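Labels A, B, C, D, E and F are assigned to the chains in the order they are written; within every chain, residues are numbered from 1.
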Amino acid sequence: MDKSDISFFKDGLRLDGRRADQLRPIRIEVGVLARADGSCYIEMGGNKVIAAVYGPREVHPRHLQEVTRAIVRYRYNMASFSVEERKRPGPDRRSYELSKVSREALEPVIMTSYFPRSVIDVFVEVLQADAGTRTAGINAAAVALADAGIPMKSMISSCAAGKVADTIVLDPMKEEDNFGQADLPIAMTPGGDITLMQMDGGLSPDEFHQAVEMAMKGARDIYEMQRAALVEKYGKIEASTIEVNACE
Amino acid sequence: MSSVISEIRKDFIYNLLLKGERVDGRTFDQYRDISIERDVIRKAEGSALVKLGSSQVLVGIKMQPGEPFQDTPNRGVIITNAELVPLASPNFEPGPPNEVGIELARVVDRGVRESKAVDLEALCIVPGKQVWIIFIDVHILDDCGNILDAASLGAIAALLSTKVPASRFGLGEDYMLPLNDIPVATTAIEFGDVLMFDPGVDEESIANTKLTVITTAKGEICGMQKSGKGLLKPEQIYRIVDIACEKAREIREKFLEA
Amino acid sequence: MDKSDISFFKDGLRLDGRRADQLRPIRIEVGVLARADGSCYIEMGGNKVIAAVYGPREVHPRHLQEVTRAIVRYRYNMASFSVEERKRPGPDRRSYELSKVSREALEPVIMTSYFPRSVIDVFVEVLQADAGTRTAGINAAAVALADAGIPMKSMISSCAAGKVADTIVLDPMKEEDNFGQADLPIAMTPGGDITLMQMDGGLSPDEFHQAVEMAMKGARDIYEMQRAALVEKYGKIEASTIEVNACE
Amino acid sequence: MSSVISEIRKDFIYNLLLKGERVDGRTFDQYRDISIERDVIRKAEGSALVKLGSSQVLVGIKMQPGEPFQDTPNRGVIITNAELVPLASPNFEPGPPNEVGIELARVVDRGVRESKAVDLEALCIVPGKQVWIIFIDVHILDDCGNILDAASLGAIAALLSTKVPASRFGLGEDYMLPLNDIPVATTAIEFGDVLMFDPGVDEESIANTKLTVITTAKGEICGMQKSGKGLLKPEQIYRIVDIACEKAREIREKFLEA
Amino acid sequence: MSSVISEIRKDFIYNLLLKGERVDGRTFDQYRDISIERDVIRKAEGSALVKLGSSQVLVGIKMQPGEPFQDTPNRGVIITNAELVPLASPNFEPGPPNEVGIELARVVDRGVRESKAVDLEALCIVPGKQVWIIFIDVHILDDCGNILDAASLGAIAALLSTKVPASRFGLGEDYMLPLNDIPVATTAIEFGDVLMFDPGVDEESIANTKLTVITTAKGEICGMQKSGKGLLKPEQIYRIVDIACEKAREIREKFLEA
Amino acid sequence: MDKSDISFFKDGLRLDGRRADQLRPIRIEVGVLARADGSCYIEMGGNKVIAAVYGPREVHPRHLQEVTRAIVRYRYNMASFSVEERKRPGPDRRSYELSKVSREALEPVIMTSYFPRSVIDVFVEVLQADAGTRTAGINAAAVALADAGIPMKSMISSCAAGKVADTIVLDPMKEEDNFGQADLPIAMTPGGDITLMQMDGGLSPDEFHQAVEMAMKGARDIYEMQRAALVEKYGKIEASTIEVNACE
């Protein structure tokens, strides 16, 4: 299939009927796993992602310990059956990179100095993939951290913008991602500080500004949903405590 | 530390047991609540999410054409893999499957294979050249005990919902994977001379011995596996087999033949 | 080759002339290696297997140590040239499983509490394979443990039963294993406690009983041969000490 | 120990910074001296040794015919690999690439791929069967900071000197690999609200956040990567992008289009 | 602990040596008893169990048709592998071959290859497409010293008993693998200016330097390997070569040409 | 291509115009890397090799520590693009063997007892290969050790001899190595003690003597160049100190 064969818009709407600046349907469930200290299941469009947090707990192997703070580990993993063509189990180069940037998207808000010599483990499993698994994973992981009671300076919300048919669009789905002109995933605090920023494709500086603003708008909307999901589990009062925790 | 906790826990469970009770109030041969949701993963050819009490296991089936094994040129191939991802338990670690994960995958595989549930000869495309390969991928999500039975249930439930993706590979129209049998695995642990079925994670941690029995719809035993560093008397084995046959029948009728 | 092409019996005897309940010829040699603390070579039909025991000795890496008992490790390994089609060196999934169940077949009788913080290593090399390598390996390993002076509650003896042409047979050989209807390997103490139990194929509950009884009978005969081999090396008096050690 | 040193070093660099200065006297947006030597490895199809201050990176290009990916049957394949060999830094360890090496390779790859510098369709030999595979191998020799920019420079410089080895494989005469663009990566770190371009190894070690921007000859942004466990304000990002475009133009004109 | 023992042992061996003696009473250039049993593994194309004193090494040969290397399209392929399985010595660990095992396999391979013992061109089946691949698998069973000489002996003895399994692959009748030479490896250690042949495990552990010399039936040297962190004077090397040639002749006549 | 197709000599000179006992052009540069404690770049004919030394430094993992001396590690590695057909990154069996014998070629002269519990790491990268990479690597490594200030009993110099067209030649280049009759690399101290000795091919005892003598002559010449390179960097006085260090 070739880019030119695809028309991404029909009557001003996208292939799945969305406007250019519209998110896919999102569903967030808090505390879905019994063994983990915190967990969250998220659906963003066709993506189905689950995140678990363990910790703070002892570090193995020992030499990874930090004397003054907790280390954070993040493992992004795709189930073999999550994609059209079966993926071989185990990490590949892409998942190593995504694990790194996702960890670095969350670390700025985790109060790691409260837990010297410990580790906070974040495990993200992609059960079904449909473009945007890294942003879905970060959104779920941030909620799972809150669910685990890990003190955070703020929530983190993540969303991508893209460019298809010379138009900047929010939250690209698979077809737009595969045959589009650019992809720009970000993560940020509710206050608008950027903690994840990646881009590939081709954007003029103006388009870049536009895409960043659109992605930030999307992330702000996702933040409200994350908050609502936590409120649903913990009730208004407790959730506001989390929020106090979670806002500088 | 963990061994202190486990000693206390062990005493607690043992004392209950002397009174004929289990930690969650079940009888010794009672299973936890079972729920099976099929077709949960659209990208897979078949899938099932099994909940066994709080234990959660997701199984996905992928199929693709490939080469047969040299010694079975006219038969499809089944490859079963299990990921005990660290999300599912504080005891699981990242990395390639360890012996526990390998054993789990191989026992799940044994059930499917030895029950002849899948007609492998029907999966031959070009004799000696091309056959269907079925990947059964077991993804443990939450290990609250007895994930082997849950994974086995998930495997057969996912196979029951599997559509052969023939059209994707230009091999005609898609069709449901035909199945000949519905194997069910049933696991018991031995502790203090008592046999307990469908052990929870605490019960598992105190038991020395576990026995899994896989039975077919026809009432035959098609697979067994003792694990753990304990021993069983022959009569205990025979008793587990008897109860396993019965339990498997219930589970099969209630959840799989529906 | 197809099952239907094979006739497993001729004049009531099996392809190699055995009765249904007859073991293949067995040869056991104790103490065949100089470096190991204990060792044993066994031939069971076409199987040639050697076992070595090292320990109790220090555990590396340390974090595997157990405070109250010795850990037991068991490594089942096939030589590349032991099978018709060359096997790639190194462990595969099958050998990991066999190592696990074999270790668990022996651990119940090893007095591990005598040696806290130590390891007892059992290494089994299959030099030639002909169906039944796991049972041959366990038989050799149990004798090697005794040869190494490891205190044991009892000996362990291992044997398989199978089903071919609707008949239960003892100690299946390659052809019976490849084209038979069921395979059921067990291991047990002389007192009849089962420490290994695996099965694949198809057996009715009645056939299962029959197969277990037949395999136990085979294991009892093997026990006599293990004992004789130890007596041959250590003489009657010493061997009875081993036996005292080795019987509850 | 190393963290004590790094605290002292951090203070020193921070105090300089308050005075508007950098450890080696550069301005905040000034690059260290750049030198690019091409065709240094005769056995490679193309190669370049880049020096960025004391940092040294060698990039070699190898090409060979191979199979295309199934979903792009008429396109050549680019495979980018980076070896952070322990010769180059006390912080690098022998073994397969870790996440830092993988990220570096993937960002270098992103620049080449997303700029469409290489016309992959021109690298098709037999549609669906045989295409040219380009291996871009990055070999870090001396890590004195900002090896990502050096590696990206090296990759494009090596590609610019690459001769397709057609004759060696009986596929006609050798010819220069045609390139359509010249992407340049530019990296800045953030520390104490100050942005510093082309960070030295000390500056890198104290910074929490790094942003790499890759721009094409046409002035488009074709790749970005934030790394490090810090955050950036949108205005900081916009400012880095502006300067990056300018710096990249200078580097491109001075070193690559020559 | 082990270094204390080895110091005492070292002194003991050294004091003996001053008196011109070795721990087991041998002269400095005397080999331990050698026994070679061929065809011990029915499943292999060829095999040999070599005992050198208490050291035991089993070598098996497997053959199968496969693709030739691109640069030698008309020649068979030899692949030599050694497993230093942990059964054989407290010093061996499970896992992929370490540098000691790799060196051993490569020196055994060197003897077979450089002596041109196997006529590789006779192993071509279809030029450029299909040739015989010979796997020489060395399985160390008991390391009581000098396993390299034992393994080399085992390799050539196993090759001497190898039947090419042509019929199994539909390539005509089986036939004995023709051999053109019988290389023999001879190893000496240096300790306190004394050269000792066929070192036992204790002698090996105290020596700094080891030299292996492989010679052919024609009296040529076809392979050498110094190992260990010591040095040798040229005269010592010449002397080892002289004795090695003589020892190899004896071993060849007595055990291999029989 | 076949041996018989090649004529290795023309008018008594080799394919590249050398006499039988002549070295290829050699260039040695000391201290070419900023991060390493010592380093050296060498060109020997078409070989381009760089060596770095780190240490003495702490040993990780700890259990490799030796109580009475420093351990020495040597890693020989070929760049993927250093050879005609791209080499897969990472060590192969050949590089493990070469790392071992190269380390053992240098260890005899390193004063490891000065640095108990430490490690001296030698890293050698082959950037372009043209027969003789192991000898080039050892030559560079020995100079890099001196550049790092590691106390040595003497310098180590390494050179190969070979046999082509029944003639013993010094320092074989690629064609001579590929299609020649024997290859014999050695390393030695200036005093003539041999620390590396390998051989493959076919040599009569007489030819072997001749080859060893020729390789030793080559190594002696290389020693002068190593010395000159160190003098050029450190000046005469300092270099003589190194030399005092470097001569028993």
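Things worth noting here:
By our rule, a contact is a pair of C-beta atoms (placed from the backbone, for glycine too) under 8 Å apart; a residue touches a chain by one contact, two chains touch by 3 or more.
Predicted model, so just to flag it, every value in this text is computed and none were measured.
Path length between subunit B and subunit D in the touching-chain graph (shortest route): 2.
Common neighbours of subunit A and subunit C, by the contact definition above: B.
The chain with its C-alpha centre at the largest distance from the centre of subunit F is B.
Equivalent interface to C-E within the set A-D, A-B or E-F: A-B (over half of contact pairs identical by residue number).
If you average the CA atoms of subunit B and of subunit E, the two centres end up 48 Å from each other. Rounded to whole angstrom, the centroid-to-centroid distance between subunit B and subunit C, based on C-alpha atoms, equals 27 Å.
Centre-to-centre, using mean CA coordinates, subunit C is 52 Å away from subunit F.
The residues of subunit E never reach two or more other chains; the list is empty.
Of all residues in subunit A, none touches 2 or more other chains.
Taken chain by chain, the contacts form a single closed ring in which each chain touches exactly two others. The ring of chains, read from subunit A with the first step to subunit B, runs A, B, C, E, F, D. The touching residues of subunit F, when paired with subunit D in their complex, are 33-36, 39, 46, 48, 50-52, 54, 57, 75, 77, 79-86, 89-90, 121, 123-125, 127-129.
Those residues of subunit B that touch subunit A in the shared complex are 40-44, 47, 54, 56, 58, 60-62, 64, 81, 83, 85-90, 94, 96, 135, 137, 139, 141-144, 201. Those residues of subunit E that touch subunit F in the complex are listed here as 3, 97-100, 102-103, 105-106, 110, 113-115, 208, 211, 216, 219-234, 237-238, 241-242, 245.
Note for the complex: subunit F touches subunit E at residues 67-68, 93-94, 96-97, 99-101, 103-104, 107-108, 184, 188-189, 192-205, 208-209, 212, 216.
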